[in-house]
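For clarity, chains are labelled A, B, C, D, E and F in written order, and residue numbers in each chain start from 1.
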Amino acid sequence: MRILVCNVNTTESMTDAIAAQARSVAAPGTEIVALTPAFGAESVEGNYESYLAAIAVMETVRAYPEPFDAVIQAGYGEHGREGLQELLDVPVVDITEAAASTAQYLGHRYSVVTTLDRAVPLIEDRLKLAGLTDRCASVRASGMAVLDLERDPDAAVEAIVEEAARAVEDDRAEVICLGCGGMAELTERVKKRTGVPVVDGVAAAVTVAESLVRLGLTTSKVRTYAPPRTKKFVNWPLHAAG
Amino acid sequence: MRILVCNVNTTESMTDAIAAQARSVAAPGTEIVALTPAFGAESVEGNYESYLAAIAVMETVRAYPEPFDAVIQAGYGEHGREGLQELLDVPVVDITEAAASTAQYLGHRYSVVTTLDRAVPLIEDRLKLAGLTDRCASVRASGMAVLDLERDPDAAVEAIVEEAARAVEDDRAEVICLGCGGMAELTERVKKRTGVPVVDGVAAAVTVAESLVRLGLTTSKVRTYAPPRTKKFVNWPLHAAG
Amino acid sequence: MRILVCNVNTTESMTDAIAAQARSVAAPGTEIVALTPAFGAESVEGNYESYLAAIAVMETVRAYPEPFDAVIQAGYGEHGREGLQELLDVPVVDITEAAASTAQYLGHRYSVVTTLDRAVPLIEDRLKLAGLTDRCASVRASGMAVLDLERDPDAAVEAIVEEAARAVEDDRAEVICLGCGGMAELTERVKKRTGVPVVDGVAAAVTVAESLVRLGLTTSKVRTYAPPRTKKFVNWPLHAAG
Amino acid sequence: MRILVCNVNTTESMTDAIAAQARSVAAPGTEIVALTPAFGAESVEGNYESYLAAIAVMETVRAYPEPFDAVIQAGYGEHGREGLQELLDVPVVDITEAAASTAQYLGHRYSVVTTLDRAVPLIEDRLKLAGLTDRCASVRASGMAVLDLERDPDAAVEAIVEEAARAVEDDRAEVICLGCGGMAELTERVKKRTGVPVVDGVAAAVTVAESLVRLGLTTSKVRTYAPPRTKKFVNWPLHAAG
Amino acid sequence: MRILVCNVNTTESMTDAIAAQARSVAAPGTEIVALTPAFGAESVEGNYESYLAAIAVMETVRAYPEPFDAVIQAGYGEHGREGLQELLDVPVVDITEAAASTAQYLGHRYSVVTTLDRAVPLIEDRLKLAGLTDRCASVRASGMAVLDLERDPDAAVEAIVEEAARAVEDDRAEVICLGCGGMAELTERVKKRTGVPVVDGVAAAVTVAESLVRLGLTTSKVRTYAPPRTKKFVNWPLHAAG
Amino acid sequence: MRILVCNVNTTESMTDAIAAQARSVAAPGTEIVALTPAFGAESVEGNYESYLAAIAVMETVRAYPEPFDAVIQAGYGEHGREGLQELLDVPVVDITEAAASTAQYLGHRYSVVTTLDRAVPLIEDRLKLAGLTDRCASVRASGMAVLDLERDPDAAVEAIVEEAARAVEDDRAEVICLGCGGMAELTERVKKRTGVPVVDGVAAAVTVAESLVRLGLTTSKVRTYAPPRTKKFVNWPLHAAG
C-alpha cells in the first residue's frame, strides 16, 4: 500500500526526517511517500501558519498524481484534518490523535511534551475536538522552537526530558507523547531517560493508517465528511489565481 | 470607530446582506466596512471551503489598507478566528460565539438552527472550543443550503421555524440562534412565529465588537495569540505565488 | 436608555464607586441609575449575606418607580440573578457572567481574582451554572476583604497583582477578571502591572446590557423565567410584615 | 436526637404532610420538629419564591429556640442550603441531594419526576452544583402544580406515573426520585405502578441526617461554610425593619 | 437487621478491625456480620488482586447461609460492587462511594487520602463510574502499604495527616475521606490534626446500608442489575472445579 | 509475532469464530493463538459473569506456556483489562476500546450496537473509563442474546441493522461499532445495509496489537500497572484450592 505523509511546513529536511521515521516502522510492502507542502511557512508555530498549512496540505495532497491508500498529516496540533477527510475517501490520520490514541493503550494517563509554550493551546484544542482529553494529564512545552530541534538536538533532549519527568511526577502521566513532527528521532533517547513508554506521532500514525487500510475502512461520508458540494470558486485554486 | 465585517464566502450579495444587518444595529459613529474575501467558494458549507475561507479572510483583512478597531468574522461555525487574533491587536469576534454568548443572557438554554445537516458538526466543534456547549440544547439543521436562503426566503423561514419549534419543545431551548450569516433578515419573522428571543450572529457580533472597543480591551498577546514569529514563507502570499 | 445598576451590599460609598465605573463606559444617551439595596449587609462575603442580598436586590429593583431598560446586578459571585429574570421582562446582567463572557473574547483562558478565600466557591458555582467554566483557568483569592479595597487600595493592588501574575504563569490564564464589584477603579493599575487584558465586571455588564437593549432582546419567558404564578404570600413584602 | 425539617412554603398542611413522612421513617429516639417559614409564598414554584424561601428558612431555623442536631430543607430544587450550612454547625441536608444520593445506590441511573415544567431547570441546577448529574438520566415534569398534589392526588399519581414510565423506558432510568416535598405519600403508589425503586426526598433526608449525626460529622468550617464575618446589617432582621 | 460487611482481603485481623469499626456506629438492633473472603490476597493493592477479590467477595457472600438485609463491600477503590448488586436483591454499599457521598454533605469539595500511589487510579476510576468526581478535589497517596497501617499506625497517621493537610491547602478540599478499609481507627486522630471532618468509609457505609433498609429500598432490577440469566458454567464454582 | 486472543466465555465455537476473524486481518507473520478461559460462563452477559471472566482470562493467559507478544481480550464491555496489564509486560488490547478508537478515525461520532439491553451500561462504563465517550453518540441494544448470534444470524443482522440505522439517523452516528465478540462475521452484511463504516472489535484489536508490538511499545509500569507486589494468597490459584 502507499501512504502519503505530508509535512505541514516547507522545510525539506524536516520532510526527510519525517519520511525516515515513517519508513522505520512501516510494514514490508508499505510505500511511504513524503510530501512537502507547495506553500507555507518554514516551520508552523501558531494559528496563522497552521491554517495556511491546512490549506497547503490539502492542495498538495490533492495534486498528488498517483493513487494512494491513506494520508498522514504530520504536524502536531495543527488544523486541517477535517478538510482532508472531506476531500478524500481513503483514511486520514493526524499525528496528534494517533499519538494520543496509541498512548491510551499503554498507561492510565498520558502527557504531551511539545516545543513552544504557544503550541500548547493548539494541541489542547485538537485533543478536545478529538475527544481525547479525559486521560490527558497535561500538555507541556519544552521551550524549544521547531527548528531548534534540528539545530541542537542535545539541548532539545534535555529540555524535553525535564518536562517529561515533571509530567510523570507532578501530573501523574504514565506515557509521554512527543508533540512535534520533528521530534521523531529523539524518541529512544527520551524513553531511556524517563523510564516510561514514549510515543512518536509519525510512527504511531503509520501503523494506524496501515491498520485502517488493512481493515478496509474508509472515512464515513454520511454527514461531516461528505464530499464538498459542487460550487464556484473565485481566484482559487492557486495556479488559477496567479 | 471602524469595524470590519468579513464575509466568509465570495458571494457579494451576501456581503451586502451582512453589511445591512450590521449597520442596522451599529451605534451612531460606528462605521461598518463589509469585506468579501479575495478568494474562495461562493458559499461555505464544509470543512475544505471553511479552511480556505479562514485563510482568505485573514489575507483579506490583512490587506485592508486603512486602520480599523475590530473585526467580525461573519461565518457560522467556520474556522479561522484564532488566526485573526494572532495577526491583529484589535478584538476579533466570531458570529457563532457572539450569538451563543448573547443567547446565554436570555434563557436557561439555547439552540442553534442552521442550514445543512453537514454544518451541524462544524458548529458543534466551534462551540466546544469556545467553551459554550454547557447551555447549548441542540444544533439543528433546516436542510436549506446557504444560497437557498436568498433564493427562497419563505421556504427557509418555514424550515427554520419548524426546527426552532422542535428545539424549544423537544430540546428545551429557551432562545434560538440563527446559525448562518445569511439568515440575518429572517430574525424578526422567526421570532414572531416561535415566541422566544431570536439572536442573529452578525447583529450580536457588532454590539460585542463595539463593547470591546469601548472598554479599551484588546486580544491578549501573552501566549496563544502572540504575534507570529518572524520566518520565511514559500510561495506565499498569493501574489508572490503566481 | 436607562439601566439600573444595583449594588448587592448596603454601603453607599460602594454604590457610588460602582455608579462612577458604570458611567465611565456608558454610551452617550445611557442613563445609569445606581441603587443601594433597601436592606442587607454592609458587605456581602458569604452565602447568608448573598442570599439576603438576592432578595434585597429583587425588592429594591421592583420598588423602583420609573421605567427602565435593563438591570445589572453588581455583585461578584452572588445569588439572585434568576429571580430578577423571572420578575422582569427587560434584560438582567450579572457582572460575574459579563466579565467571564467578555474575557472569553480576548484570550484562550481567563482567571478571576477576587477578595477572600471564602468567595472562591461562590464564584466557581456561579460560573458553573452559567456554563462558563470550560475556559476558566482558576478563581484566586487575594485575601483582601471587600471593605479593605476601599480602605487600602494600594495593598489591594499589590495582593491582586500577585495573584493575577500567578494565574497567568501557573494557571496559564491569558485574561484576568477582577472578581469584586468594588475593584472597578483598580483595573488600569492591575493591567499595567500584569500585561494582560483586565476585565472589570461592572464595565463589561454595562456594555452587555446596552447591547441587549439595542438588539431588542429580552429575557425568554417560555419556561425558566416565566413570570411568577399568582399566589398568596405570608408576612411579605417587608412593609406588610412590620 | 432532634431534627428540624423546614418546609419551604408557608402552607401548614404541607408542613404536616412533610412531618408525617419524616416521622414514618425516623429512627426510635429521633424527634422530628417540622417548621413552617415565618414568611413567603404558599407554594414555591420559581426562582423569586425560592430565593425568598431561602431567606425565610434561614431566619426561621435561626429563630428556633431549642437545641437541635440537624436540619433538613424540605423543598425540591430550592435555593438556600449553602446559607444554612454557613449559619449552623450541625449538618444540613437538602432533600434534592438526599434523594439523588440515595438513588445512586440503587441503580445505574436515576430520573427525577417533579411538578411543573418550570421547576425542571431549578432542579437541574441544584443537581449540577451538588455534582450529582453524571448519573441523572433526566428531570421530567408531570405538569401538576404543587398545590394540585394535595387537591387531586389521583390525577397527580397518573401524571407522575406516566412520566416515570417514560424516564425508565426512554431515558433509561433505573430509579425514580419524586421531585417535590409534597409528593411524600405518593411514593408507594408510584412504586407499585412502575416496578422500579422510588425515592422520596424527605424520607431519604431523614436517614441521611440521622446518619451524619450518629457519625459525629458536622459541616466543614474551613472555607465555603465558615461562619459569617461580623458586620453591620441595614433594615434587617425583619423585626427590626418593621 | 443484619448487615454483612465483607473484607476484600484475606487477613483476618483486618476483618476484625473492620467489624469493630462497623459495630461502633451501628444502630441498636443492627447485627454486623463480618466476612473474610474464602480466597484471595492477604492485602489488595492492585488490579489483579482487586479483580480476584471481586469474585471472592461475591462467592463468599453468596455462600453465607443465613438471611441478611444489606451488604457492605469493605475495600477502597475495589472492583466488584456491580456483580453483588446483580446477585442480590438487598442493597449493596461500596465504602468508596459511601465515603464520598457522605463527604459531599459536609463541604464544597472533598479529597481522598489512601495508601499506595498505585491505588490512586483505582479509586479515581471507581469515583468516575459512581459519578462522584465533580466535587472530588484530589485523591492522594500517603505511601503506606495496607499492612503497614496495622504494623505502624503512628507513622501512618503522620503520612496521612501530611497528605490531608496538602489536600486542604493546595487542592482546596474541605473534607477528607480515609481511603482504605484498614484506616478506620485512625479517623479521630486525623480529624484532630487537620481540623476538617474526616469520613471513614466503613462507618459511612454502615449508616447508608441501615438507611436503605429502613427506607425499604432495594436494588433496581430492570436493567443493569437484573438477575443473571440461567446458563451453564464450566469449572465453576470453585468447589466443583477442584 | 504471536498474539493471544482470549475469548471471555467458555463456548469453544465462539473462540473459533473469534480466531477466524482475527486471522482474517492479521499480517503475514502474525500467529493468532485463540484461548478459551479455563472456567466461567458459556456466555458473558452481566456483571457477575464478566467479573468471573476477568479472573478466568487472567489465569488462562498466565498459564499459557509459550512466549507471546500481545494479548487481546475479546469481550465487549467486559471487566479485567487492567489486571492483565498489571500481570504482563506486553501490550494488552480490549476490543471495546480498539473498536471505539478505530471508529474515531473514521467519523465525527460513533455508536455501538450490542446484544442485550443489560450490556449497554457495561459498555458505557468501559468507554467512560477509557476516556472514549466524548464522541460516542449512543450504545444501543439489538435485543439478541450472545448465543442467539450463532443460532440465528439472519435475525441478528436484521435486529442489528435496525438499531444501526437509528444510531445513524437519530443519534447522528457516522460509524458503527459491533459491540459483541461474536458479531465478527456480520460486519460486511451490516456495512452493506447501513452505508457507514462498520468496525469489528476483534479485527480492530488485532491491528492495534500488531501496531504496538511493531512500535516496540509496552505497558507503562510506573504506577497503575506496576507488577503486583509479592504477597501471600489464600486458597488461590484454583488448583491449590481444590
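The rule we apply is simple: a contact is a pair of C-beta atoms (placed from the backbone, for glycine too) under 8 Å apart; a residue touches a chain by one contact, two chains touch by 3 or more.
These numbers come from a predicted model, not from an experiment.
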D-E, B-C or E-F - pair sharing over half of the C-D contact pairs: E-F
Turn needed to bring chain D onto chain E - CA fit, degrees, nearest 5: 180
Intercentroid distance (Cα basis), chain F paired with chain A, Å: 28
Centre-to-centre distance between chain E and chain A (centres being mean Cα positions), rounded to whole Å: 44
Multi-partner residues of chain D (each touching 2 or more other chains): 108, 120-121, 172, 223-225
Residues of chain B defined as touching chain A within the complex: 10, 37-43, 45-52, 54-55, 58, 79-80, 82-83, 85-87, 117-118, 120-122, 125, 128-129, 145, 223-226, 228-229, 231-236, 238, 241-242
Chain C - residues contacting chain B, complex: 25, 27, 91-93, 97, 101-102, 104-108, 130-135, 168, 172, 174-175, 195-197, 199, 203-204, 207-208, 210-212, 214-215, 217-220, 222-225
